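The structures come next, written out as structure tokens.
Look for subunit A in each of the two complexes below; its partner is subunit B in the first and subunit C in the second.
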Partner chain A sequence: MKNHRSNKNSKPVTMNADENLHVIQSILHGTSDLKTRTITYQKSSGVIIYLESIADTEKIQQSVIEPLNRAMDDEGTVETVITNTELSFIEELHEGVGKLLTGSCLLSFDGMCGMYAVNVTSQLTRTPEEPTNEKVVRGSHEGFVDSLTQNLGLIRKRLENKNLVVKQYVIGQSTNTKVALVYMDDLVNKEVLSEIFRRIESISADMGFSPGYLEEFMEDKTFSPFPQMLPTERPDRTMAHLLDGRVAVLSEGTATALILPVTFLSFFQSPDDFNSRVLSGSFFRLLRMVSFLVAMTLPAVYIAIIGFHFEILPNELILPVKASLEGIPFPPIIEAFVMVFTIELIREAGVRLPTPIGQTIGIVGGLVIGDAVVSAGFISNVMVIVIALTAVASFTVPTYEMGASIRILTFPLMIAASLLGFLGIVMGLMVILLHLCKLESIGTPYFAPFAPLNLSGLKDAVIRFPLWKMNNRAMDALPQKRSQRNTKGWKNK
Partner chain B sequence: MNTLLTKKKWFLLGTLLMVIVLLTGCWDQRLIKESRLILAVGLDLEPNGKIIDTVVYPVVNKGSNAMSLVKSVVVSSTGVTTRDARINLDKKVSQMFDASKNRVFLIGEKLARKEIYSSLDVIYRDPRGSVNAMVAVVKGKAKKSLEIQPQDSTLMNIYYPELLQSTSAIGLFEIETVQSICTLMFDEGNDYLLPYLRINEQQQRAEVIGTAMFHKRKMTGTLTGKESTLLLLMNGVKQDYPRFTFKINDQKEMKERNYITVLVNDIERKMKIHITPDQKVRVKLALKMDVNVNELPVDHLDSAGKANELNKTLTREITALAKKTLAKTQKANCDELGVGKRIRSFHYGDWKKMNWEKDYRNISIEPEIKVTIVQHGIIN
Partner chain C sequence: MKLKREDTITSFQFIFLIIQAQVGVGILSMPFNIYTAAGHDSWISVLIGGCVVQVLLILFWILMKRFPSMTLYEVLDSTTGIFIGGVIKGLYIIYFILVGSNILSLFSEIINIWILPLTPRWLLIVLMAGIGIYAVRGPVKFLARFYVFVSLLLIVFVLLVIYSFWEVDYLNIFPIGEKGIMPILKGTEKALFSMIGFEMYLIVAPYVNSSSIKKLKAASISNVVVTIFYSFLTLICILFFGIKEFILVPEPLLYMIKSFSFKILERIDLLFLSVWIVSVATSYMAYLFAASRGLMSFSKKNKEHSPYVFYAAILSVLISLMPEGVYKVGQFSTFVTYLSYIFVLGLPVLLLLLSLLTHRKEKQQS
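Here is the complex of A and B:
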């Protein structure tokens, strides 16, 4: 592990336990949760120093005090007596403080030129629960928790493989957050991996508390509307991505793993696709792609139609549409903006409020605004339908980040449509498409398998082929091995 | 250097966007709510040669509770040309006219007999012209046909297309649109039929009474409903439900018992053209019809003998009707069957020597019709 404050003015541990304690206290500015307990071992008096808030007193009792007391008169060094699995000898005081901050307790004895650090971290964890924003119908209902070690355990549990490697880093000058990179050594592309190492090592920030931070520090284009790393709270999804040769980044204190490099299409895949049957899996996947297009373009297309090209409406539709638009005081673009704005308001209010109130907001917003605004004649019926459909479609994208990106992209398209009609939409979509083709996620093509086109890649990315048909790994993360084993042994081809 | 470039780029992009947004005067926006949607058009010819343009557009009256009543409004105006008349109309009506969603063109007989292309020319030139609007001819004035108030639908733009569609389904004509008649108007040796409507003011309805025969750009005659149906079948076109009612005897006291109604299930048509060296044209038109007896109050079809007898009667009746119909088309110089086009395609040497404008009347067309009863409903 690279380390905790490599202070140049670090002091060596002295022979005097009390003096050591005073120095540590002054380094920690006399914090109140620093506790001590005096102890004597083989005639030399000493002190146990620990941070009450993160050390487990029961562990100190069991693995430090009791063994020392039992062996009070025996011969034997502290190493042989203490039963804890993690014990280290420290000669620098600042190193000792570092240990203290990670949840160890320090043992300092008079006449000993150094200190022992024993790991007694208290395990403040919650049980793995199903992630609320990535629910599946069938399959695993386990989600990551807020503890890094436990999260790594959840991955290891699913991948009993000698090639699974965890590399730990510490990020954040003030927070000293532990960050772990997880990958399959035999699959991951070494160039991609070293690039990730390079980027993570070069991060220099005071705070590194969430994957959002890491993402922003590592991604290629911050101002792109598209997320270039996939956040997930699902261990099973993480595992599947690891087996495609990708890297997962986990950090202490968050339940989210970042997968990188990813493609545009991985945001539309859900573990449910492979839990359900081939046909329904493919259908749902296609549905999500369609919903992406609908969410992005529907308001724009509607604005273009009623503002420029209403002759393309079928004869049966033209009268109802015209009737609903009659007497609306706003031009279509304003109408659409008002509605989209309202829906975003309701959504944002609902997210931040506790569930019962959130629901009330939904009802108030949906019924009152939706209904009243139409009967008052401010907004047309059809516009309400269009915007509602768009909102629903944007929520079907399994990843929240992508859904949000799509909702943001509707605005420029709506403006383009209101200025130039379909021509504007085409121009807008062209810009988006160009951007998607150009975008890279850690040096790998973001819009694969469309650009560069890879037909066999489409069978996993767009629709979901039967598992035994997929003998090639997705190529977008440039894995070392192309083939993967998926055969139906009992059936001869 | 790099940042400078990006800054420049951003500035350029921002300016461009602002320019686009601010140049609102260049918008070619046409809002649906600010357009008068013309949904049906009637064209008439005044005795002094001016065109009367009558249009129907919907007006929405928004009531409470977002319930809206759609009413159709009829206005008309005159002008020296169709567009001139439309310009005069625009002076009378609020909002801009938009004819891109027009469903039907009703042409007064007087105008149709003179020429229809000139009135339609404006539509072909307009990129948003409603070339898929149906075309029909009205006996009398087209203006009147738009002023009636049929109970079927309060909206003319729904009433007429539906009327034409349902009548087309019973085999009277094929629906012709502004686009489809365009080529026929200029095609040598191939003419067309348009639906022929009559207005019944007492019942406030329009009624399809047959078809109007056209030659090139003008109407040259009319056919009754029965004749139109048969002509369409002779042309090899079978619509969904072509039906005929024929008299099979006249002895029964109850008049209804003298008739039979058949529905044509299937047809097979063959046309053979013989041209003698001196350009005498003989057309053999073989038409086999499989029919389904819809109505036969007089008798039961329980034996093959009876069916055969009926087959013969029907064949005789239909052949007579066919001869009469073909004679009518020849008199009107309406080559609906496209005989001329065939000659032009397959006997071009002869075609060059002929003058189809005159020769069509003199060719001999011999219908050979064979009717077979194949079904008789669910009773014998």
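Here is the complex of A and C:
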């Protein structure tokens, strides 16, 4: 590991096994999980050193101790005897300590100028389960787990291709977290890739523990309300994005892959779109886009109508709306804020609670507060309907991050609507749209294929075309190859 | 595919950039203005106006072809010399800022009349300028992306207007050419003023990443689209109102749309105005860009227009606050439109003649 090797006072391994052990113990400050076992091999006595917490004792026994015992009197070097797949010879003590920390055991013998490091890492594995926040109705039910190698395996299993490349980095001065970049070498845009390399190499942090950390260090605009990288726990989704020429970033200890560069629309797509039929898939997508607009603007439009443009309502509607507003003590903006705030409270309270309590909170919050607040005459009926609709719409977005961004954007729009009516909404939407047009994800346009407009890209945007109509890859990640082989190959006779 | 680092736009985006610069604040009162001069033959005036614009565009094209990588400002520097060029550049910047403030004051006036009678004008103007600043700072390509996207709203515009076809009287345009040719030509003059915006060709052309003839094609397409759009609007207004009623409605489009109502929307003119605000914003942004690009050309080391956007916007806000009341705003607007004779018609043609006579061209870099 980097910081061990670069240590200035690194010492060479001595001929005395006991002395080596003492030095290692002092480097690790006498930690209690450092275990040793003495061993003799070809009449020289030695010691096996390992960290009990991350080394697998079974593996040590099978691939180190047993072979050494069996070959006690034979001629032969340690390399030929030990059956483990990963064995290296080490001459520096700090390098040895680094190996020890990644789960190797060290073999030190008297009279040998160096040590052997054997990889005996214990694999703590979790079986792939379906990610709870990215469920699909049909299709793969596998999700990423917390182990990096296993996650890479899940991707490789789906993409048996010689062009799939994994590049490993180590991030975090204290944590030494392994981070892997995965991409298709024949598809990914080299300039985008080198920009990602440049950004990831220049990260300097103590801790690199989650994709959220990486995202913040690598994204173009931190204060933008829109997420510029797509976090996903689905291997099939990751694979589909890799085949569009994008890059996936995975890190050890998290079950989330970050996809970059992405567009605004990727947050509204779900693998389900392609598992269901063309018409229904398109309908669901359209529904999500509409719900995005509803979630963002509905409270603002309602406030604007109540406050400024009552005359826009047709006669038949004026009476019921006016009747529900009768006797409400607050202006519509306060009403809306109170209701949106309540809903956010219920959501935030429910997220981290265990499911049964979460449900109770939902019922108490939703039904009881909603009903009581109306019958008490604080909030109008129509406002409750509007806010409830908004909340439901904001949860139809398949990615949690984008849903959160939308909910944040409602507030400025509501304020603008209460100050200037429709004019305020239009101005607010213009600023949001301008921001979307200006936003880039690693140098590629974020709001593609709308801006810049790309007609063939629209085939897979708001609605989805049949697969055999999509002969061109999504161009927003600027892949090397444009064409994509999707043909039916047969025709009706 | 390469990552685009340099700031260029495609000829497709160029079409919409010019359309959006042209279609703007004037669209609401345009049919009325032309009608006062040309009567029920106004739509012919608009078509003739389109032809005049096309001739001008071709002249612009010949001029810009000689200086492919320069905007109007650099052309001025290299044909008329630093001093005279500098003065004319300054005048152009002032002209663009004046047009920008004219847009702002007309916008605030109409909003005051139609939607928000009590909101102070300065607030509307400052907000609009703020959006302009945010939009124009940064590369032109972002602006072009925005223009292309909001052009979808023009379709809403057309649809709302098409609805009125059910309620028109076709006899209103007859007899064609009743008053003779002179009133039609006078109407053409008014029509030209609402088509102002195509002079963006002189500023944006070097940013377009395509051959010179394609740029002309793009500009021509946008001219054709705008001409047809305008004459369609004028025609519909004439058909809808007839002769007697027309003189009473200074914003004929709004009055016309106001008279319709759907089952779920009673006042469609509010929807129409909301869409119109976006068009106003885009043409204001175009002029703001032109002015700040001009300010940039004075600096030797600065290669970006972004730092100057703020100053141009402040100037336009201050100027737009000066005229108050419908009458003063109208006067200011007339003044600015007459200025455009000099800056859109006179000076570019002079410049073309000068460069043709002196055989000045941009040096080809090998």
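Here, the second predicted complex is superposed on the first by the 486 of 493 C-alpha atoms of A that agree within 3 Å, B and C clash if a C-alpha of one lies under 4 Å from a C-alpha of the other, contacts with A are read in each partner's own complex, and residues count from 1 in each chain.
By our rule, contacts are C-beta pairs under 8 Å (C-beta built on N, C-alpha and C of every residue); 3 or more make two chains touch, one makes a residue touch a chain.
If you're wondering where the values come from, they're calculated on a predicted model, not measured in any experiment.
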| item | value |
| --- | --- |
| Room on subunit A for both subunit B and subunit C (clash or fit) | fit |
| Touched partner set for A:Ile363, first subunit B, second subunit C, both or neither | neither |
| Partner chain in contact with A:Val192 - subunit B first, subunit C second, else both or neither | second |
| First, second, both or neither for A:Val392, with subunit B first and subunit C second | neither |
| Partner chain(s) touched by A:Glu311 [first = subunit B, second = subunit C, both, neither] | both |
| Touching partner for A:Asn381 - first (subunit B), second (subunit C), both, neither | first |
| Touched partner set for A:Leu467, first subunit B, second subunit C, both or neither | neither |
| Broader residue contact with subunit A after superposition on the shared chain, subunit B or subunit C | C |
| Subunit B versus subunit C as contact partner of A:Met207, first or second or both or neither | neither |
| Inter-centroid angle subunit B-subunit A-subunit C after superposition on A [Cα, multiple of 10°] | 40 |
| Subunit B versus subunit C as contact partner of A:Leu319, first or second or both or neither | first |
| Touched partner set for A:Pro479, first subunit B, second subunit C, both or neither | second |
| Superposition-derived minimum Cα distance between subunit C and subunit B (Å) | 5 |
| Subunit B/subunit C common contact set on subunit A | 308, 311, 313, 315, 421 |
| Residues on subunit A engaged by subunit C in the complex (per definition of touch) | 189, 191-192, 195, 308-309, 311-315, 317, 420-423, 425-427, 430-431, 433-434, 437-438, 443-445, 447, 450-453, 475, 478-480, 482 |
| Subunit A residues within the subunit B interface of the complex | 305-308, 310-311, 313, 315, 318-319, 321-328, 331-332, 374-375, 377, 381, 415, 418-419, 421 |
| Subunit C - residues contacting subunit A, complex | 1-3, 5, 10, 12-13, 111, 115-116, 119, 124, 127-128, 131, 134-135, 138, 141-146, 148-150, 261-267, 270-271, 273-274, 277-278, 281 |
| Partner subunit A, residues of subunit B touching it in the complex | 20-21, 27-33, 35, 37, 58, 60, 62, 64-66, 68, 70, 100-101, 103, 128, 130, 155, 161 |
